[in-house]
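Some structures are shown below for you to check.
In the two assemblies presented below, subunit A is common to both, partnered first by subunit B and then by subunit C.
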Partner chain A sequence: MILAQGLNLQWGITGMVNFGVAGFYAIGAYTGGILSTRVGLPPELAIVLAAAGAGVVGLIVSLLTMRLREDYFAIVTLGFGEIVRLLALNEDWLTEGPRGLKISVRPFDFGLTNASYALVYLGAVAFTILIIYVICERIRSSPYGRVLRAIREDDVVASVLGKNIVRFRVQVFAIGSIFMGLAGALFAHYVQNISPDTFMPMIAIFIWMSVIVGGYGNNRGLLLGAGIVMVILEGSRFLGDFVSFVNSQQLASIRIILIGCILMVVLRFKPRGLIPEPKFSSPFERTPD
Partner chain B sequence: MQASTSGQPLAQQIQGRPLATHRPRLVLRARQLRKSFGGIRAVSDMSITLREGSITGLIGPNGAGKSTLFHLLSGVIVPDAGHVELFGVDVTALPPHERARRGLVRSFQLAREFGALTVLENLLLAPQAQCGERLLPLFFRPARVTAEERQVYARAREVLDLARLTPLRNEYAVNLSGGQKKLLELGRALMTGCPVILLDEPGAGVNPALMGLLTDMIRRLNSEFRKTFLIIEHDMDLVARLCDPVIVMTDGRHLAEGSFETVRKDPEVIRAYLGGGAVADV
Partner chain C sequence: MDFSTSRRRILTGSAIAALGSTLSPRLLYANDAISIGSLTPNTGGGAPYGGNMAAAIRRTVDQINASGGVLNRQIKLTQEDGETNPETATRAADKLINVNQVIAILGTWASSVTLGIMPKCQSANIIQMCTSSSDDIPIRDTKGLCFNFQILNPVWGRALGKMAIDRGFKQFKLMALNNDFTRSILTGFEEAIGPGRLLEKPFYYNANQASYKAEVSRLLEGNPDAVFIPAYVTDFTSVYKDIYRAGYKGQVITVTFAASEPFKKAVGAAADGILHGFPIPPLDSPAYKQYLQEAGLQDNGQIQHPYGTACRDQISVLALAIEKAGTTEAEAVKRAIYDVSTGPGKKVVYNVLDGLKALRAGEKINYSGAGSAVEFDQNRQLIGRDIQLYQIRNGRDEIIATLKVR
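Right, the complex of A and B next:
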């Protein structure tokens, strides 16, 4: 969901196509893991630094690619995601390569049992989602968000009207990257073991689906969208208990098919997502007419 | 942010611009502009000056390079050679948003409204350097952002009234008619506070009823708000009523300049318009 929030800011509101979601996710996960386990920083600090690190990388990537047209930009981000994954796979000394990086420390650990720890962690993640939601809503509904949507609609006109579109795009891309890195670090410290194959480009596709199903440009809608995609993705694991005639491999494929079908149905009947972008109404309006 | 609820302070804001040393003041000057696309020279050695407070017309046959000239003046494309000066400052190397900061805004040949934004939002967006468009004030000075937004809103309501778009203000701009979009673009240009406005065919696709409103609005912006206009237009009626002087362009060059009456009798201009049919009709 945090990933979806980051992507919505970049694509849903500003129109920047980022297929490299997995890359920023991975950077956050690995940076967080390495800082807490190898360097020995407190894991909470490691998570924050990981988010910042992903933000800095996002800043650099967007500065380098800002002159590219939309579609080429999308390809670069896809390539970027793969570069990160392959680096993680091959730079053994840093990331343990395909064996995966073990993370031995736990954040928010007050000597709890595993079950209650999971609850605490869930709470922490939910709180993070809430904070990011508030930030995203503030951005979306402000003059800042208005410029972002204008850039999405027609960047040349936005520029002619005096908006520095490069500044807005770079900022937004960096902020989105911070959220993605944060998500990665939180994920890494929860599963405690990350390997490069966790960060396949497929992740980006799932996140994209979440934003599309939920409704682009809408922070509430995408939470719903991400919820739906996650429920299908994770929930359908248990489907095997009820349907005995498919084996586990078939089941894995069925889950993907299911998500694809839902995406198509939603796009057919609600082309702008389940909860479309809200229409602007000025807080200063007094007399409706 | 000098947003206000009346037109008067807006005009003062414009007068506060840096003064050139000579009179009549030149707000915009382009020298020897040149731009080629592949083998086609769209604009070649074109020079143009805009006097403050004028409504200058820019006419010429299709393909004369008028729109390209607009792109060059507004910074949407970069010239191969030549210079553009705005209020005496060389802006040739500056991107469009920097030129807007310095007082130049333009419209496009086909109305380019922000379709998924409401009419009101299209206007609210336009004022320059709003503090709510920067991240730090947005999160740490919310009261200031709200106060500014209130001022911008009040101004937008006036512009809506001026363009007779008030009842449509909460519609998505994409749903407006062609003529209403042109009015919206004009209103948006006014909202930027820029003293120099370039209009690319404001009359194209506007029905006769709205045409009167549109010409009135241009005239009011010129007289009350002291806006300087450069207008590309094929509707000779509109040019005759609004524009003085009129500049004629052909083959990317400056052909003639003067009052509408003078240029329409110019034999070279008549020849440029393929035997003069178009001009003789007027």
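Right, the complex of A and C next:
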């Protein structure tokens, strides 16, 4: 959900096609893991610094590429995601390469049992999602958000009206990257072992699906979309405990087929997502309640 | 029907979902059975083996339950697909541990998966049983909970290196796919041949490349007597095509995974002459023959289900250890695993039912398995396994040497 909120800010609201979600997610995960395990920082601080690190990388990537047209920008971000993964795979001294980085410390750990730790972590992540949701909503509904939507609809018009579109885009890309890095660091400290295989481009596809199914440009919609995609991906595991005629191998395929079907159905009947972005209407067009 | 959303509806829905997810696991899964999980690679890179690994565990559990269970309790087996992917596997392991409340997770195959779920298993005190061969496994298993039913890669690599030297090759070049499995086999091979026989420091290549020409031309520079390329079948097929096109006349050596049937089909007669090696089940053991019967296979003298056999051993040893320990508590079971599998002067049993009967009669047992003799060293690694070296001749594997690794 955090990744989807980051992507929604970049693509849903501002119109920047970022296929490199997995790259920023990986940067957050590895930075967080390295800072807490190798450098010995408290894991909570490592997570915050990892988010900041991803933001800085996002800033640099966007500064270098922001003048590219949409489709070229998309290809560059896709390439960026792969570069990060290959660096993680080949730079053993830093990331332990294909062996995977073991993260031995756990954040928010107050000597809890395993089951209650999972609940505490869930609470911490839910709280983070809430905060990011509030930030994204504030951005969306502010005058700043209106400029972003104007850039998405037609950047020439926005720049003719005197808006510095490059500055806006760079800022939004960096903020989205911060969220993605934060998601990566939270994930890494939860699973406690990350390897380059974890950050395949497939992750970006799931996040894109979440935003498309939920409704791009709408922060509430994408929470629903990400919820649906995750329930299908993870919830279908529980099906196997009750249904004996489907084995785990078939379930793995059914999972992907279901997501594909839902995407097609949603796009056919609700092309703008399950909860579409509210259309702007001018005060003059509004009818009295 | 009104599908519109409102803040109130979303809040109510989320509250119900959150409440449901906290309560339901305990209500749904609480019972007296011993809960055990399997996390086999049913899809992804391990897919050719995952199916029969999962089936072997299921069959053995059914046998145990039909004969009255362990400690008079039935075994409740939950099987998940690890998709040969550490990320998916970690989530599946999370479910097995927190929802199904398993006491052990069996059947992990890729080292990345075994290592990936290890932190979760260690913090929840869950026993792991795997057929993964990264030499990192005993190092990262700080609580001593992970029992490995495969020899470690360096041992495998050393055996292949020794067999290569025995065949008279003097100069080598080595290149491996950049993953944990293939890199550590390469390390073992490098140790066995020694630095004097190496023309250049070994190097790695990344998977899924459009072409491997640059890597192959570096590999063949200096025209070595033999090249060793531990790899997976998809990338080895492309690499070998480039080696063949370059007209290399020396000896190509790899692991049996890489030179499996899909490779032979893809390259045809060009595959002839390749040497490859693999740790094999004890083909003469009664346990292996019983496994073939259980799986409905004919004994054709060839290796069948190299990992399915190991999975039969995993669940058998675990069940016997629980019976021996008299509890499912991890520390006691861990010690009992040695009691029922390792050491001389005990009654040798070849299947779980005979083992349970002997234990109940108060006898000391040593389980000898279908995949190996199942004897562990103090690091919970197999003490030995047979490794076989093959050469592809007329599109078929012919055995040219067997090495007993101890």
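In this text, the second predicted complex is superposed on the first by the 267 of 289 C-alpha atoms of A that agree within 3 Å, B and C clash if a C-alpha of one lies under 4 Å from a C-alpha of the other, contacts with A are read in each partner's own complex, and residues count from 1 in each chain.
Here, a residue touches a chain if its C-beta (ideal position, glycine included) is under 8 Å from a C-beta of that chain, and two chains touch if they have at least 3 such contacts.
Quick caveat, the model's predicted, so the values are computed rather than measured.
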Fit or clash - subunit C, subunit B, common subunit A: fit
Spatial angle subunit C-subunit A-subunit B, Cα centroids [nearest 10 degrees]: 150
Touching partner for A:A150 - first (subunit B), second (subunit C), both, neither: first
Which superposed partner A:V160 touches (first subunit B, second subunit C, both, neither): first
Contacts of A:L251 with subunit B and subunit C, given as first, second, both or neither: second
Touching partner for A:R138 - first (subunit B), second (subunit C), both, neither: first
Partner chain(s) touched by A:E234 [first = subunit B, second = subunit C, both, neither]: second
Touched partner set for A:P98, first subunit B, second subunit C, both or neither: second
First, second, both or neither for A:N90, with subunit B first and subunit C second: second
Gap in Å between nearest CA atoms once subunit C and subunit B share a frame through chain A: 21
For the subunit B and subunit A complex, residues of the former touching the latter: 74, 76, 95-97, 100-101, 105-106, 108, 112, 114-118, 120-121, 124-126, 128-130, 132-135, 138-139, 145, 149-150, 153-154, 167, 170, 172, 188, 192, 194
Residues of subunit A defined as touching subunit C within the complex: 86, 89-90, 97-100, 102-104, 106, 114-115, 117-119, 191-193, 195, 197-198, 220, 224, 234, 237-238, 240-241, 247-249, 251-253, 275
Subunit A to subunit B touching residues, read off their complex: 135, 138-139, 142-144, 146-147, 149-150, 152-154, 156-165, 171, 277, 279-282, 284, 289
Subunit C to subunit A touching residues, read off their complex: 5, 10, 22, 28-29, 40, 42-43, 50-51, 54, 78-81, 83, 85-87, 90-92, 94-95, 97-100, 111-112, 115-120, 123-124, 134, 136, 140, 178-180, 183, 204, 206
